[in-house]
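One chain, chain A, links the two complexes that follow: it is found with chain B in the first and with chain C in the second.
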Partner chain A sequence: MILAVADMAFPAGWIPPYNTLVVAAGVASVGFAAGVVGCFAVLRRRALAGDAAAHATLLGVGLAFLLGGGRRDLPLLLGGALSTAIAALLALVLIGRWTRTRDDAATAIVLGVSFGAGITLLSGISARGIPGSAGLEQFLLGHTAGLTAADAMILGALSLLTVALVALFLKESTLVAFDPLFAAASGWPVTLIDYALVVLVAVMVVVGLPAAGAVLVTALVVIPPVTARQWTDSVGVMLPLAGLFGLVAALSGVAVSSAVPRMPTGPLVVIAASILLTISLLIAPRRGGLARWLRARRTVAAWAEGRLLEVALRLEVQGPFTREQLLAKAPGAAADSAFKRLVRSAAIEPVVTRAGTHAWRLAVWGRELAAERSRRLAAWTEVLEAAREDARGHLTIDVPSPEAILGAARMKAIRESAAAARSASGPA
Partner chain B sequence: MSTTSAGLEFHDVTVAYGRRPVLWNVDLTVPGACLFGIIGPNGAGKSTLLKAALGLVPLAGGEVRILGAPLEQVRSRVGYVPQRESVDWDFPVTVTDVVLMGTYARLGWLRRPGPRERSLAAECLDRVGLADVADRQIGRLSGGQQQRVFLARALAQQADVYFLDEPMAGVDARSQERIFRVLSDLRAEGRLVVIVHHDLRSVAEWFDAVALIDMRLVATGPVAEVLTPENLRRTYAGRLDVLDEIGRAVAEGGRTP
Partner chain C sequence: MMEFDSTHLWMHFWAIATAATVSAGCALVGSFLVVRRLSLLGDAISHAVLPGIVLAVLAGGRPGGAGVFLGAVVAALVTVWLTNLLGTHAGLAEDAGAGVAFTTLFAIGVVLVSALASRVDIDPGCVLYGILELVPFDTVPIFGLEVPRALLAAATVLVVLVVAAALCWKELVFTAFDPAAARAAGLPVGLVSAGLLVATSLATVASFEAVGAILVVAMLAVPAAAAELLVRRFHRMLVVAVALGVAGSIVGYLAAWRFNTNAAGMIAVVLGIEYLLAALLAPGDGIVARVVSRESLRWRVACEDRLASLWRAEEGDAAALAPRTLLDRLAQARLVFGGRIVPGAAGGLTDIGREEARVIVRSHRLWEAWLGRHVALPLDHLHPPAEWIEHHLGAEVRGRIAADLEGDEGDPHGRDIPPEGFPSRPADAPTQ
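So, the complex of A and B:
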């Protein structure tokens, strides 16, 4: 879809001018940096603080515009935005420290007050028709069309700088984000590192303003990290991956908005980011919804099959058994379909009786399967009794072989200690 | 370790949260090289006492000395195992990553762990019996395994004084024994191990000395002398029915270091 729109924007054979290319590169690095920096905001559970900072930027943009005598100079406006963003974060810290207001309430207050003030100021400016104020509302929802190559280079450079800082202090940031108590106890300046990370988020929020706007820029900081977390269990992979998702989201948003006149970039960037997020939430291996659902289903199915085999092994002692007898001894929602699967895989086979009733028995390999499962369960029970931690750490519902997981030597030791315990507690 | 100075000293330590004192006038001296238990009921200020020693809560009064010096001078010789609930176990790091964090303070700013730190981490994991889960994400461990990851990280700090906050919470008997064995080894190597603990039954078996606290210090000294029915009653103020029984059992069978 993005490609199709890009085709609309750039007809075949058309080479984009220098300015377009520079702006695209600048926005790409903004998206990348927002994803990278956002990781620690998400991991440290500070995403909402970033949102408050983002909403406070409008006030700074308006103030800087007035102070600069009505010039629409991007570095000046962003400087103003950064100062009110940091002021908002400071207000959060102070409210937390000196009043008994809870974090979420404090965030909502700072966000609402600063955004309200910002909107009031910008409306006032535009109502007076101050020359040059026409483009200010672009900071509300983002609009990259007006960016010059020089602006884009500044944004790109700031982005790369923040990425470099995060990469440089990756070890320290990870430590503080994971276990601040331990970090403080071993002498790290936790508060300083925490504040530095929050300021980096504020910087990224400001740098992302032209691309996504004050209202939506947090999404660019928060959604890519959450998307990346779906795919990896390692911080070292999560950071670049979040950067990549942010880059793709930012670029596609900008490409689409440049094709449609007067279309703000912010909402498009967020839509692109949330498409990636939705896909990841659904199909990511292990953490994805689909994988979880399948795993839950497979779990129930595997257990039901195992139970049926186990019961069949016991019933079989008295000859062939009926389906009803089997299901009565191993009830459960999944039992019926499990029975069908066992029949289809020929683990259970029909027996022809004189009366013509349907009776069943275990096939040879079904019997082996059932016997092996019973043996494993008995072994796991031993492990559970002698070494509970091992059983709890390793036993899964598909009943794997304990020898394969714990090793033959460990199993032998467990058996011996179980035997010793039995003879110690048994009758003298 | 110097033989003249005590391992850990609290002088008249008072800690307050807001206007409420949670610990007052604690005067406590712990000799070097032993397993020392801080025992008391819920909300007695056990964890707070540990945090006060580590500089994690501000003192309203008094001072703490570790190995005869203020904390700032000996921080690199202090190891810490926080409570397991204090972190998010869904955090995207592996078991080895967490253990390596024990080497960070020694590495200092910007330097990354290298082969030396990695082999130290592997060795520490082996000591607590977790070598086979070294590459697992930390959320995919049982509670006792997570507790041992924290212990391995503390071992990687290569400290002389260890502080452990409820290291046996949610840990089964076998893991508990394994953890206690590692701690005993530390003592045998001449280190001081201070443990916040709540299970009175295992105290007599493993600890050399204890302090009974309930907002103030009730008693301190060798296990057999401290865990008397009278002291337990003053600490738990009738919150346990089995107190006398345990006290008597301790007095009869407890170890005297």
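So, the complex of A and C:
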């Protein structure tokens, strides 16, 4: 995909200038680090706190611009952004500790008010026509075109530093992310590690600011880890994988925005990340939609095969049977293909009769399968019968009716299938 | 950006009226969101309506028209559906799911706006922070009066919201505070939640043009959260939230006018200041009230400890501790000033001081005696709880404990329990 994007952005035979290459490398490492750090934000459910911090960065950019006397010096602006981002996180903690306001409202308050303050400040600056202020709104939605090679190197170095920190404290962060109570009981400074992780997320949000912008930089921290989570259950794999997804998303966004005039980078990065996520949601092994669909289909198929075998065992008492007889007794969408599979696996074999009509009977192997299935069925029936006695013993007036738990529609379906089973097995 | 120009007062009036109407609607819906812990629904929806609006405009709808409203509401519903889908099918935590869904939709919206800039008259910046100042220039005639279209839309939505809230008041409140009980009572909880979702979308879309995507979040959550700190009853919270929202809009607009900056941003800042003031000054459990009550307790304890220590010194079995900490010194000064301690280096108790000190020591020793008799703590464990509770026992409790001890005159350490004393404070004593 990245190759396709690059083809689109750079015509064949065109060698990108040094600056473009360095900016691309810087943004790539930003994307990588954001993915890695974001894993803990997602696992610790701090995604929205990161969003609040991200929206607060705009205020810091404006303040740093004013304090720096109108210089557009990237480290200075990012320093300002980091200080307001951390102030926003602090405000979240203080609101939680000192007021009755709950987490969600606190996040909304910090996010909305700090963003409003940032907009007020930036509008005020631009209304007064302070020289050099023209590019400040690039921090809103991100725009990498204005980055110099030196800027990109700083961003890259910061990113690699955060990744190194995460790698260094991998054991502690993982423990706190998955089992904070156990970590606390084992004597780890959980609160400290938690705060350190949140600050690391704030740093990452700030570093990602030039690439993705204040409004959307959270996506760079949230979406790649979520994508990586689809592919693996292990943190050791999830971290580099999230980094890789972040890298690809960031590079794609930068490439497209440099090819299309006046297109902000942030939204493109987010869309690239979302495309990766959508693909992962569809094709990831085990958790992906495709894998689950196949699994469901296999279950249905196995069930239909078993049902056919059961019916065949009953029919065979009267000698060979036709396909139509069998399917009439075991209807269902999957029955037809289940029949084909049983024939192909030689569980059912053809019988040549004088009339030349096609008749079938169970092969030895098929009979064994069917017998095993009915044995299991009988065993399960025993278990459920025992459970019924158990239920009678436990049933008091406090036990809710099954309709309340399963829902009326599901209950009706159960009743109908039970009635159908009774009438089907009754005469036999 | 605005200049102070009295010929345009009407323009400012319309802009303020629009901001106030939008804010009232948001505060109304926001109150329900805040008590249901759904404040961030506004965040998600306000980001996600952008592609809906852009597509509706592209399909020929006019900004502020009914078609655009519809597009935005549909986009809002799609976000919530997507978030739920990510939650149920991909097993995402709710915050991550919302983060994925709304940033993606918003990003698609921004890309659409940028790509179709020539065909769609929407500025990516105004999508984020609105153009309240330009609202008065797009008007429709109502009874011969040129009313801004945005105001008309916001007012319509406000009326719809108020009527809906009034009609479904009981259901809304029941569902908000106890969804499980509401479901058990047979209320259509899912339907009420869906209704709230549509109401949030309506309020968001009506506000969108005036204040932009992100400041809607502030208008939804901040006045409601501030009102929740100020009052305890929900119907009062609604009224206070709406009042705070309207006041914040007016003050914010005027401040933006004065300082020549973005009005929507300034409104959010003023709302934030309102919340800060509410958090600080809320009666009962505001930060200031809690600090005052905690510090006054600390202060009273320091004074009483000082008195008791002097009383024990007079009793003769210990030397009075000299005040060491700053708080002790201040307490000493205050007791001297209040006529409880004789001024000067020797500094014994006055008669009033002795009366008060005796009551404290009596509380202390009664509690030690009671604990010693009924709880069988070791002797060296009796002092700390007594040291704490001596400041809180009233005359009635002291009487009951004394009756329980049945004239047992001493405490477990073998010291006398001083009598209650009557009157405990002479009539001519100076009040504190």
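Quick note on the criterion: the second predicted complex is superposed on the first by the 304 of 428 C-alpha atoms of A that agree within 3 Å, B and C clash if a C-alpha of one lies under 4 Å from a C-alpha of the other, contacts with A are read in each partner's own complex, and residues count from 1 in each chain.
Going forward, a residue touches a chain if its C-beta (ideal position, glycine included) is under 8 Å from a C-beta of that chain, and two chains touch if they have at least 3 such contacts.
Keep in mind it's a predicted model, so treat the numbers as computed, not measured.
On the superposed chain A, the positions of chain B and chain C stay apart, so the two partners fit side by side.
When the two structures are aligned on the shared chain, A:A418 is found in touch with neither chain B nor chain C.
Contacts of A:A363 after superposition: neither chain B nor chain C is touched. When chain A is checked against chain B and against chain C, the one touching more of its residues turns out to be C.
Residue contacts after overlaying the shared chain place A:L377 against neither chain B nor chain C. Look at A:I271: by the touch rule set out above, it reaches chain C but stays clear of chain B.
In the superposition on chain A, A:A184 makes contact with chain B only, not with chain C.
Of the two partner chains, chain C is the only one touched by A:I119; chain B is not. Here chain B and chain C sit at a least CA-CA distance of 8 Å once the structures share a frame through chain A. Shared contact residues of chain A, touching chain B in one structure and chain C in the other, are absent.
Within the complex formed with chain B, the residues of chain A that make contact are 43, 168-169, 171-172, 174-175, 177-179, 181-182, 184-188, 229, 232-235, 238, 387-389, 392-393. Of all residues in chain A, those touching chain C in their complex are 42, 45, 47-48, 51, 55, 95, 98-109, 111-124, 127-128, 137, 140-141, 215-216, 218-219, 222-223, 226, 230, 260, 262-264, 266-268, 270-271, 274, 277, 281, 287, 289. Across the complex, chain B meets chain A through its residues 54-56, 75-76, 78, 80, 82, 86-88, 91-94, 97-98, 101, 104-105, 107, 109-110, 112-113, 133, 137, 141-142, 144-145, 153, 157, 163, 172-175. Here chain C touches chain A in the complex through residues 1, 34, 37-40, 42-43, 89-93, 95-96, 98-100, 103-104, 106-111, 114-115, 117, 124-125, 128-129, 214-222, 224-225, 228-229, 256, 259-262, 264-269, 271-272, 275, 279, 285, 287, going by the rule given at the top.
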